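One structure is given here, and the rest of the page talks about it.
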Amino acid sequence: MPLDNVVFWVFAPLSIATAIGMMVVRNAVHAALFLVVNFFTIAVMYLLLDAPFLFAVQIVVYAGAIMVLFLFVIMLLGVDRGDPLGERLFGQRTTAVILAVAIVAEVATAIRAGVGFATRAPEGFEAANPGGNPSALADVLFRDYFFPFEVTSILLIVAAVAAMVLALRRSRSVTQREIEEHEGDDLEAYAMAPPGAPESMREGTR
Amino acid sequence: MIDLIGLAIAIPLVAAGVNMLVGARLGRYAGWLGTGAMVASFAIALGALLDLLSLPAGDRTQVVTVAEWIRTGAATVTLDLRVDPLSITMAMVVTGVGSLIHLYAIGYMEHDPRPGRFFGYMNLFCAFMLALVLANDFLLLYLGWEGVGLCSYLLIGFWSERPEAARAAKKAFITTRVGDVMLLLGLFAVWIHFGSFDFDTVLGSEGSLPEIAAGTATAISLLMLGGAVGKSAQLPLHVWLPDAMAGPTPVSALIHAATMVTAGVYLVVRTHVLFEISEVALIVVAVIGLAGALHAGFASLGQYDMKRALAYSTMSQLGFMFLAAGLGFSAVAISLLVAHAFYKALLFLTSGNVMHGLHDEIDVRRLGGLVRDMPWTAALFAVGALALSGLPPFSGYYTKDAILELASHDGEVWTYVLGSLGALVSAWYIARLFFTAFIGDRRYEGRAHEASTLMRAPLVVLAIGALFAGMWLALTPDGRLATFLEPVVGTVAEGHAGPSTQVLVAISVVLTLLGIAIAWRLYRPAAAERWISFPEREPGLAGALGHAFYIDDLYAWIVGTVGLRGAAALERFDRIVVDGAVNGVGRLAVRLSGLAPIWQSGRVRRYALSFLAGGVALLVFAVVRV
Amino acid sequence: MRTPIAYFLLLSAILFALGSASVLVRRNALRIFMGVELQLNAVNLTLVAFSRMHLELDGQILAFFSMVVAAAEVVVGLAIIVAVFRRTGTTDVDRADVLRG
Amino acid sequence: MIDPPRVELWAILPVLILFGGAVIALVGAAFARRADQAPFALLTLAALAAAAASALWLWQREPTTALEGMVSVDRLAVVATLTLCGVGAFGAYLGYHYFERDELRRNEFYALLLFALGGMALLVAAADLIVVFLAIEVLSLSLYVLTALTFRRGPTEASLKYFLLGAFSSAFLLYGVAISYGAVATTSIQGLARGLAGTTGDQSLAIAGALLIVVGLGFKVSLVPFHMWVPDVYQGAPSPVTAFMSAATKVAVFVALVRVLHVAFVALQWDLGPAIAALSAASMVVGSVLAIAQTDVKRLLAYSSVAQAGYILSAFVAPDRDGIAAALFYVVSYAAAVIGAFGVVMLISGGIGEQTGFERFRGLGRRRPGLSALLTIFLLSLAGIPPTAGFVAKVFVLGAATSAGYWPLVLIGALAGVVGAFYYLRIVALMAMREPEGDDVADPSPLPRLVLAVPAAAVVVLGIVPGVIVPVLREAGVLTW
Amino acid sequence: MDAPWLTLVIVAPLTGLPVLLLWRSISDEAARWVGLAAALAAFAVSIGMLANFETGEAGFQLVSKHPWVESVGLSWFLGVDGFSVWLVMVTTFMFPIAIAASWKVDHQVRRYMAMALFLETVILGAFLSLDLLLFFLFFEALLFPMYYIIGVWGSKRRIYAATKFLLYTMFGSAFLLVGILWLYIESGNQLGKATFDLTALEQLRLSTEAGRWLFLAFFVGFAVKVPVWPLHTWLPDAHTEAPTKGSVVLAAILLKTGPYGMLRFNLDLFPEASRYFADAIMVLAVVGIVYGAIVAMMQRDIKRLIAYSSVSHMGLIVLGIFAFSAESMDGAVLQMVNHGLSTGMLFLVFGMLYERTHTREISDLGGIVQVTPWLAGAYVVAMFSSIGLPGLNNFVGEFLVLLGTFSVDRVLASIAILGVILSAIYMLWSYQRTFQGPAKERWGSLRDLSWREGAIVAPIVVAMLWIGLQPGPMLERLRPTSELVSERIRTVQVGEAVEPLARTSGPGGEGP
């Protein structure tokens, strides 16, 4: 058994298991840790697919930056108590599982038609990576994809602005008095289920 | 004058317009205007008659084009009037009797607040009636036909504040409308078969018969008969006429005795060619006539309301006319029509005098002995009654006798026997009216006042007519009128051998006298207690007679109970099912929309679920090939 | 490489489905968002696998862009979640239902 | 050493101007957070004008792609950009009025608005799926924040929902891009078209990719069943934001959809058609029916926009020039009507409290005849009753669907229009046919009414003489690859 | 005189709009006069149109055709033939009357008049359009003003009635729209250039099946407007709740767009299907006649009664159209005019009574005739016209329809003719209960017709008598067209392909 097969069959189940773990555990911190592990397994897959640069980026950006940010927010908000176990929405979990299975089945069918389950990737990927993967990527990125690359900068500015606008509002003009003033009519103005919709139509308990 | 015959219609029409629009300002002159118009119309008709008489018998059908009516492409429809012996006879009756009744009405309606309207309607009626009889095609005839119906409606309901008058007017219009519809269908059939409504085309001219199969002729003539039956209040569409007496008495006299109700007879006579081709239709006419004559005659015996009794009498007499026409004696039918116009108008107007003199009291049980307060009226009524009962030499004798004689010749014994029975009953009921109302003890309070001269004068003229018309016009099968009518209605075929004329006359007179005798036996002053309490003693028989054998009640039940319930059910169906379905769809949509909160619950995970489900569903299109 | 490319794709599909399912079943906004991150990662795997299959680098570039987008989204998303938490004191999305109907 | 890329910045001049304006506004807001917002509004309008002018300038260009095939320079983009600039101008004015009225200072509004518009302008010119994806992210992130901009409970909640579902949908969009890439080995729109044109055999993978992209884009334009965020977000967001995003997003994303369905995947039209038709039908029916029971005008308009999206999509079953022109006409007339409608609603809603319940509109025809007349015109157009643009638009799109043979879809659309008429005219009835309750402080300034009279006039003019823009739109519908 | 008459007719009512819309402080009285003047102007122009109408021509006349939205094949294509000329006349004739009759409207007069004039324009447009999309545009555009008039100035349940009216008719036109679009696309396939031009669409060769489906789509669209049983239930509500003017316009003119559409489009475009479905439609029509009459009988509300009588009368019109004989088509068109006059006048006169009594309940009324004889007289004239008394207008139409039908199908004609009896029953019965009988105390002081009201009613009476006694001029202009259409339909065999229509184009030619 070739090495890459072994690696795949080790890490793929692990990947799925950690994904499931992330989904089912109660504690948010645990879930985040499962996700980090999952990201690692995906990084391994990148390695198997001859994408060493992305392997590195995956670990640095995802496992490193993004998940840390997640954990940070989890801690910040103090919501590490964990989710309640009960499902309040009728049939939500069952349907979710069914839909998940269905979408896998559909995509699998499409893949089978479009790629074929036994097709192996052709050899000769090195030819597409002159001077090594990172360098080749840089070639493509800064020539063909220079414009999208510039767009990402706009995206990041927007993200920064967004974070700034959303996060800075406490410190600015909205005073406690203003909040109190409007709190009441907020609820009135927005709690507008159509009259005549009986209570029983609303799901779950408040 | 023949060319001016259009004026005979136009003058009353204009007078009607004037009276209806500004009648309120005219006051009592309204009546004089109306009467004047009628007299003028009469004069024109008379002139036309004289002109006609001056022509040879073969040329006595004149068509006068009054106006161009419809012009489409090549075809031009003109408004034509037909002056021939039949139509001019009818026109004479309408204008003559009409003039007299108008004159009478001036006095009769003098206390009414709306004489303009009344005379307007009356003139309008005469105009339509003249259009009906003078028409040269079925379309104009139908116009007149419906027009007189309208006037009848308006005049019966003239005192519309009286609920019974309003009801009767409606009933009259609707009932005759049933007949009218059949007539209309008949016209359609005529159009389809002949492609024309022209009398010459449809009925044949110059002695030539129209080309038509017997079956088609039967269909057409029976449909026309339907119209005639409705208008002439014959079985089974007779129920409106007694109720129509709720109208002012001159109306009853003019419309519901002398003229409009005879339009049916006129129609049958006018189209007799078709009936004769059909033969079946002719028999139906005779049967309906005979049945009507007997049914109405007996029904008249049960009436205590003088005008209702006279109304049934009218129906009975019309039955005789139908019988005559059905037996093929069109000329005789018209003779009876003419004679009847005189004496029945007379009878109605005298009863009008009674009402006028007694504050609208008309129930014979509360009359009696009127001869002392109203000698003129009583005498005039007697003349009319004798004419109706058919004693010689009154006009009724000639016509009735002619019918019976011809019936006896025709070979069908039953027509003669039943016709004779009808004659007997006629004498009986009219004598009954005279005995109960005019002689014996007074059963009313106060004093009746005799009618004014204005109201008596026309009656005298009518009485003279009732007396002498028979003799002068010789209303016999081979008399002057019949001869005059011959070019239009054909000769009366000589029938088979039968009892000789003398024997028949004797039988007829005896029967008439017998009828009077029976009436005297039953209704003589001494027996007043007996006949007044008759309904209590014999409720069954009295009820049957009084209700005219319950036919009207049956209709009332069918229409009023079954019909109304059915209609109400249909209305509910419309509301609940048809409209309910529409509103149901609307409500369903609103209900569905009201379910939105179940799905649109505000829970973002539900939204995601919906999203994913949508994605999954959409991907089906990728993996499943149709 | 011996492993058929479809295996990677299938793994990716499964991860994508698991990520979707996470979005559906978790009530904590943060964990829902983690599900989304998993989905994006799954897609990246697909991209890289196809890149390998087609012997070209565009797929990897796309994956790279995807990571940038994910980062930007995380910034905004976490900011919004924090804002909501400040307003309502919870990150339970089921409690966010004043808007409905 | 690599060849330097061709940097044809002129090709994205409108986008650059918008982003540039956004950055300036952002810097300004950073330094003058509490300053008077009028300069910001004027700056925004100036940027929009400049962008529109530069877009007009691009009209003359030969259709081509630029920036290494990443953006198209064609008339479709020009028309869409012009529309977006128009919508943006009204959005900016409405926002100015909104915040000015309540004396709130939200100067970031203008920057975010321009970022969103920049993203949209980029989206309509995108010639590569990766640009589509990035542009959508730019506009989405901006809109998430705009939604939350007053930080009251409703807007925050709306923002959260919008964001969570938006991120979810981005994943689908990206998955679609990935699978398409897998199927054809390119993400270039024209490349996809060329790649798919010649191929035969099983296209499942490409179809799956296309459909996933449709899912992702369908979310943005609120197609059923991806629409569920719409009522909540439209109701919750500040009215000017709602007005802006309901109009502008649809313009931009539908134009992107034109490129995706009419160019990239045009070879798959017979496979995608039924799916498009199903989405369209579901949107028309569900949107219309669910709107019936609404008693909040903003929410009602939100559901209505779901139905409207269905109508627009119905033109996409006909992958030809008429279909594109029809969809464009619909989008333009819809944008005019909806921004006007939300604008009037905003003026009536009485400030940041956003009272948009039906009772607020009762008897409005007497109290504020001008505004109610304007709203009536917008609603008539949305309901598709002549002589408004909505009628012509509806005929156009349904005609396009007919030409593709989807007459059941046309029938559903026409019947859903009946339902639509019901709820739109319910508001008209509420305003014109009911007695007013209580009194209301009339808006003294005629300016908002005058501004909103512009889209009203547009709606009527397009309804009576659609010919003024139809040739232009048909020009725009000529797509080469 | 050479002028774009038809365009002028359509535009004439609009002349009042700028004044009404822009001059916001116009006094109520002035607004009324502006409305009346514009409506009268339209009438005057339509007289000019009539004078230029060539008698004896079957085809379209006074045609004016200008491309409008060239790229989609929409054109401003107007033309008038024997069918439409009288409908235009009755429209322009009744509108001034209806406006004058609503002098008493006292709130939002300016809007009222504006809506009325707009309504007139679109109705005229619908009658004159020969471009299907243009027709549909007008056909749809008339919904809103009518909706608005019912909804704003109507009585108690006005919003319900207005909404029902609007939705029901839109439901019908949904099918119509599908049909029109289908034809449009088909024309693109067959003629090379897609068009909405009626004369071009007549040239299409449709498969039998397609023709039938399209026929049904068109038919449903028009049947709702007629309304054909059982799609009629919007009508009583709309009639009842509408203000007098609304009822008049609705009954007199608006309903006519339905049968007109059938006559103009269904018969012309789908002759084979017309024949195929004729029997079924005639049955529906006859059911409508009898059903409407019976249900009318049981109404407690006079306006509802008149409304149901409309259902009955409109059934007769549909019957006439689908009997396909020249007579019955003549009759149907005539009957459209007649029904407009007679039912319009019934609503008008009853509206005048309603202004005095403020009740529509039959049981509340009674004994009116003594108090207001002229008003009652006017009602009687309208009533007898409606009943179909010879000498008045309705008879001519009814007669021709029934005659034409009788020659085709005796049984149906014989059932349909029951309507003649039933109409007498419900009309006279209701008249008896409302106007006749003992005078009620509370109505003792009602005013009789004023001069203004008399002047409103008088022209209708004159028109009724004129048509009733002298239908010639109308028939002359009508007959060639109905003969042409009838001829064509009758030559078609069910189940066979149809040769395209060879319509001899009338004089008039291109517009300026």
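To keep things simple, chains are lettered A, B, C, D and E as they appear, and every chain counts its residues starting from 1.
Everything below uses one rule, namely that a contact is a pair of C-beta atoms (placed from the backbone, for glycine too) under 8 Å apart; a residue touches a chain by one contact, two chains touch by 3 or more.
Predicted, not measured: the structure shown is a model, and the values here were computed from it.
With contact taken as defined at the outset, chain C and chain E are each touched by B, D.
With contact taken as defined at the outset, chain B and chain E are each touched by D.
Path length between chain A and chain D in the touching-chain graph (shortest route): 1. More C-beta pairs touch across one of D-E and B-C than the other; that pair is D-E.
Chain E has the C-alpha centroid lying closest to the overall centroid of all protein C-alpha atoms shown.
Centre-to-centre separation of chain B and chain D, using mean CA positions: 77 Å.
Inter-chain centre distance (chain A to chain C, centres taken as mean C-alpha positions): 2 Å.
Centre-to-centre spacing of chain A and chain E amounts to 65 Å, using the average Cα coordinate of each chain.
Here the CA centre of chain C is 26 Å from the CA centre of chain D.
Among the residues of chain C, those in touch with two or more other chains are 9, 16, 19-20, 23-27, 32-33, 42, 49, 53, 56, 58, 61, 65, 69, 72-73, 76, 80-81, 83, 93-94, 96, 98-101. Among the residues of chain E, those in touch with two or more other chains are 167.
Each of the following residues of chain B touches two or more other chains: 594, 596-597, 600-606, 608-609, 612-613, 615, 619, 622-623. Of all possible chain pairs, those that touch are A-B, A-C, A-D, B-C, B-D, B-E, C-D, D-E. Chain B makes touch with chain C in their complex at residues 596-597, 600-605, 608-609, 612. The touching residues of chain D, when paired with chain A in their complex, are 2-5, 7, 19, 23, 26, 33-34, 67-71, 105, 108, 111-112, 115, 118-119, 122, 128, 130-131, 134-135, 137-138, 141-142, 144-145, 148-149, 151-154, 157, 179, 182-183, 202-208, 235-236, 293-296, 299, 352-355, 357. Remark: chain D residues 160-161, 164-165, 168-169, 172, 204, 207-208, 211-212, 214-215, 219, 224-226, 228-229, 231-232, 271-272, 274-275, 278-279, 289-294, 419, 422 touch chain B in the complex. Contact residues on chain C toward chain A in their complex (touch as defined above): 1-11, 13-22, 24-28, 30-31, 33-35, 37-38, 41-42, 44-45, 48-49, 51-53, 55-58, 60-61, 63-65, 67-76, 78-83, 85-86, 91, 94, 98-101. Of all residues in chain A, those touching chain C in their complex are 2, 4-5, 8, 12, 15-16, 19-20, 22-23, 28, 31-32, 35, 38-39, 42, 45-46, 48-51, 53-54, 57-58, 61-62, 65-66, 69-70, 73-74, 76-77, 79, 83-84, 87-89, 92-93, 95-97, 99-101, 103-104, 107-108, 111-112, 115-125, 127-129, 133, 136-137, 140-141, 144-145, 148-149, 152, 155-156, 158-160, 162-163, 166-167, 169-170, 186-187, 190-194, 197, 204.
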